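You will see two complexes here that share subunit A, one where it goes with subunit B and one where it goes with subunit C.
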Partner chain A sequence: MAKKILIVDDDPNITSYLTEFFEDNGYATCAASDGREALDVAKKEKPDLITLDLEMPDEWGPRFYRRMSQDPEIKNTPVIVISGLSGNQYAIQKAVASISKPFDRDELIKIVRDAIGDGK
Partner chain B sequence: MFKKILFATTASPACDHAARVAFDMAGRYQSDLSVLHVLGVPSRGFGQYVTDVRTGEQLVPDEDYVAWVKEEMKTTYAEQLKQCPGCTMEAVAGIPHTEILRFARKTDADLLILGGHTKDRENEGYTYRNMAGSTLQSVARSARCPVLVVSRPAASFWGGFSNIVLGTDFSKAAEHAFRFALSAARQLDCRLHLFHALDISGMHAGKVLEQDEIEDRLRDSLNTMRRKYVSQMKDFKNYEIDAWEGVPYVEIVKYAREKFADLIVMAHHTGSRDAENSALGSTMEQVVLRATCPVISVNHADKVSQDA
Partner chain C sequence: MENDAASGSVAAVDINGTIGGIVGPLVLVEPEADLRDALEIHLTRLGLHVHKAGNGQAALSLLKEHAPSFLLANARLPDMSGIDLLRLSQAVSPNTAVIIMGDPADRKSALAALRLKATDYIHIPVESEHLEVALTRAAHWRTTRIKIQHYVEQLEALHQTKVLFQQLFDEVPCYISIQDKHFRLTGANRRFKEDFGDTIGSICYEIYKHRSEPCRDCPVMGTFEDGQPRQTEEVVTSKSGEKINVLTWTAPIHDASGHITQVMEMATDITQIRKLQSRLTSIGLLMSSISHSIKGLLTALDGAIYRLDSGLEKQDMDRVRDGADRVKEMVAQIRKMVLNVLYYTKERQLNWARINVRDFTRDVISIIGPKAEAAGVSFTHNLSSGMGAFEIDPGALRSALVNILENCIDACVDDRSGSERKHVVTLNVTDRDGFVVYQIQDNGVGMDQETREKMFTLFFSSKGSRGTGLGMFVADQIIGQHGGSIDVDSEPGSGSTFTVRLPRTLPPEIRQPADPDTGEPDQASRTEENR
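On to the complex of A and B.
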């Protein structure tokens, strides 16, 4: 079964771009448009990795991470922060990596592979 | 809570993270937000000229220039203004801290928001970055309302408050901070973490404490928190209490990070009895500069709820 990545971003263009990009590289995906929705999806889908935006309309990324880290079933899921905000590498201390938008696809896929291996 | 917020800004990138918090709070808590820019930043005295914050030019702050600055502020914050259409923009010439305090009094603001530094001086070395800006120092000392400071970009990534840490050393000044933190936690439905850091920094100077003694003191600190604070909290149960030993500012920053705190509340200066004349306490100053969330300094009790 393909490894699954949860994409959390309020920008539908980023979500569809990442979905296509990860699927082309052999990963399964699911998506959420803000932190609150992301927690429900994460609990249901049990992703192998999460890409997380910081600034979203209702619940922001760090708040989602806090709630996620209190749930024993999903708390150890690796998280990659993908955000346009400066200083984003200090937002979530335990994140696998922090990437600024616009990002380099090769760099992103390398980080994903290092964290969870190939898609299948 | 947070009905009238005054955000004092240079409207430059150095204030972007404070702006993120200010506009988000105004939208989230339906606050009246005033954005104030003090023209100039003169170095001393009352000159007739102001220094344009972007170009560095010396200019006379006449009506046209002030109107132009206001328009520039609207352009700078155009995105944020879409979420806060009722927000007002003001620009005045003068000494920044004087004008900020004057404006806060005039508008009866119940919260002031500032950046840690108003200037972005990346190359001025460790000393500058290790100190709170002089405007912040003066405003935090004299403001009648609590002052919220967003120093690092990472302190602006939370989007509202749900986890408040009160850093206390059990002083009288910390009592005001406690009342404010409790009132905020009640009204905004937050978890309140009461935290005391036992200062063992003297160990390096030869003032050695046995571990038994440290742990006895930590236990005493927890009991003091129960007696002084928990006893006043009545039906409020969404809290926890903790005491850690170490260098106080390091422990407070670490504790806040560990608890995913989105707000730290502390007294402006706990060691001084004279609120009007005390500088930002050294622990407070370091917490302000290092925290990964906004920090509120409470110096005067005027705007702090008395019915904790």
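On to the complex of A and C.
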């Protein structure tokens, strides 16, 4: 079964971009548009990796991360921060990687492969 | 200070030293050589340095040369009288004490001598005791005279210093007040009086802050307590009601025994700096807000191009079309953001004209209609005919209304409550009491009170990274510039209603600068054009 990536971003354009890009590279995806929804989806879908935007309207990325790491079922899921905030590498220190928008696709897919291997 | 003054000029006539202070040069004028020599011996023995003369002219040149402490002259001289010499000496050497020697029977000379302020008139033949007393009095006269001169000079200098300090006090570019322990003003400089009223005797917090009780953490009180100067920043209110940001500095004023009797408060007007600073802060916020949204938009644009590319690669025309649509959408969003930023960074004047309400509104409808359709929101409007014309800047007002309408569409799209209700945005245009009223209504997510109150402030966005926090701010600015108003009525979950009221004629102060025939463009707008 394909490895699954949860995409957390409040901008639907970016969510659909990442969805398409990961699927083209053989991964399965699911998405959430804020931190609260992301926690529900993460528990249900048990993704292999999460990409996380930091600045979202209802719940901040860092808050989601804190809640996620308190949940034994999903706390070990690797997280890649993809955000427009400068200095974002300090926001979530345990993240596998922190990359800035706009990002380099090849760099992103390399980080994903290093973290969880190929999609299939 | 006092020591210096004493050693300066009083020392020259030190009366504490030799006998009765009889020191310094003396000019002796006596036509008879025997008497002259005898007197010289006697005077030299008293410690005086004697210059001798036999007549008035010789005496005058000695006076000019030596400006002596004393002049001892016979009332009868070959070329002039002793009285004439006395008169002339006062012009040549005014600080010389003059003693006239004369015939005891010559009362006329004696009286004239004393009237002309000779210090003494002694009789011939001269008795040595009499001469010593006369010299002592003369020395005393001289000391007193020089002291008085010195005091007069000091007094003048003091007066000048006082005038100078008063000028400094008044003209210094600060508000200076002096307060007692009860915050009562006991002194204030001109600038203070100009902006806060002639206020000696009134209470600091009443006049400065229009309060009825002392301020918390009053720096004046603090300085009274520990004698240390204090620096604070305050906002004070002038007598005309203007708010002034001031940087204040307090300093204690001590009495002779070292007790703090009063405190001086000096306040510098920093309103301009604060205004500039808040503008700079806004620009800083603007920059970070813009850079954040540009990053988001560029990422989304990357995504759109990726879809276009991958569609071309796979020869999937649906993907290509979808990718191209997204590229267009992103470009339109970037354009909108840039235009909003330009509007904010430029303090533009309204470029107004008299425009038909119906034509203008149709323009707005033709822009927003397709957007609503693309978002799956139905858009209806009621626009009666015969609405007449109004004075507006069509470009600016169009973007204001489009900003509000787009917000309403977004509010519908954001409604994920899953209810079956159909989302509608409605635009009603009516004439009410001479105002053109645009009522814009949606049944989207609605707003809570906090969002409603903040929605027109700069950089406030309820849309996270999709909003720049500029759209509604700019809309509010534009409508305000037209002399109009926006009212918002909203409940979370049931939608919002915006009521925009626009006067048919612009306020006079707005009309003026925009009309190139009647009004001079001001400095700012001219610079703008030159860019």
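Just so we're on the same page, the second predicted complex is superposed on the first by the 120 of 120 C-alpha atoms of A that agree within 3 Å, B and C clash if a C-alpha of one lies under 4 Å from a C-alpha of the other, contacts with A are read in each partner's own complex, and residues count from 1 in each chain.
We take it that a residue touches a chain if its C-beta (ideal position, glycine included) is under 8 Å from a C-beta of that chain, and two chains touch if they have at least 3 such contacts.
The structure presented is a predicted model; accordingly, all values stated were derived computationally and were not measured.
Student: Given the alignment on subunit A, is it a clash or a fit between subunit B and subunit C?
Tutor: Subunit B and subunit C clash in the superposed model.
Student: Identify the partner contact of A:Asp114: answer first if only subunit B is touched, second if only subunit C is, both if each is, neither if none is.
Tutor: Neither subunit B nor subunit C is touched by A:Asp114.
Student: Just checking: does A:Ile14 make contact with subunit B only, subunit C only, both, or neither of them? Give me first, second, both or neither.
Tutor: second
Student: Between subunit B (first) and subunit C (second), which, if any, makes contact with A:Gln93: first, second, both or neither?
Tutor: A:Gln93 contacts subunit B only, not subunit C.
Student: Go through the superposed model and pick first if A:Asp24 touches only subunit B, second if only subunit C, both, or neither.
Tutor: In the superposition, A:Asp24 contacts subunit C only.
Student: Which partner does A:Phe103 contact after superposing on A: first (subunit B), second (subunit C), both, neither?
Tutor: second
Student: Touching A:Leu85 in the superposition: subunit B (first), subunit C (second), both, neither?
Tutor: After superposition on chain A, A:Leu85 lies in contact with both partners, subunit B and subunit C.
Student: Does subunit B (first) or subunit C (second) touch A:Trp60, or do both, or does neither?
Tutor: first
Student: Which of 79-87, 223-231 or 259-267 in subunit B clashes with subunit C after superposition?
Tutor: Stretch clashing with the third chain: 79-87.
Student: Just to be sure I follow: which residues of subunit A are touched by subunit B in one complex and then by subunit C in the other one?
Tutor: On subunit A, the overlap between the subunit B and subunit C contacts is residues 55-56, 85-86.
Student: Applying the document's contact rule, which stretches of subunit C touch subunit A when the two form their complex?
Tutor: So the residues of subunit C in touch with subunit A come to 291-293, 295-296, 298-304, 306-307, 310, 326, 329-330, 462-466.
Student: Mind pulling up the subunit B residues that touch subunit A in the complex?
Tutor: 16-17, 20, 152-154, 156-160, 162-163, 257, 260, 262, 292
Student: Provide the residue numbers of subunit A that touch subunit B in the complex, in ascending order.
Tutor: Interface residues on the subunit A side: 54-56, 58-63, 65-66, 69, 85-88, 90-91, 93.
Student: Write out the stretch or stretches of subunit A touching subunit C in their complex.
Tutor: Going by the criterion above, the answer is residues 10-11, 13-14, 16-18, 20-21, 24, 53, 55-57, 84-86, 100-103, 105.
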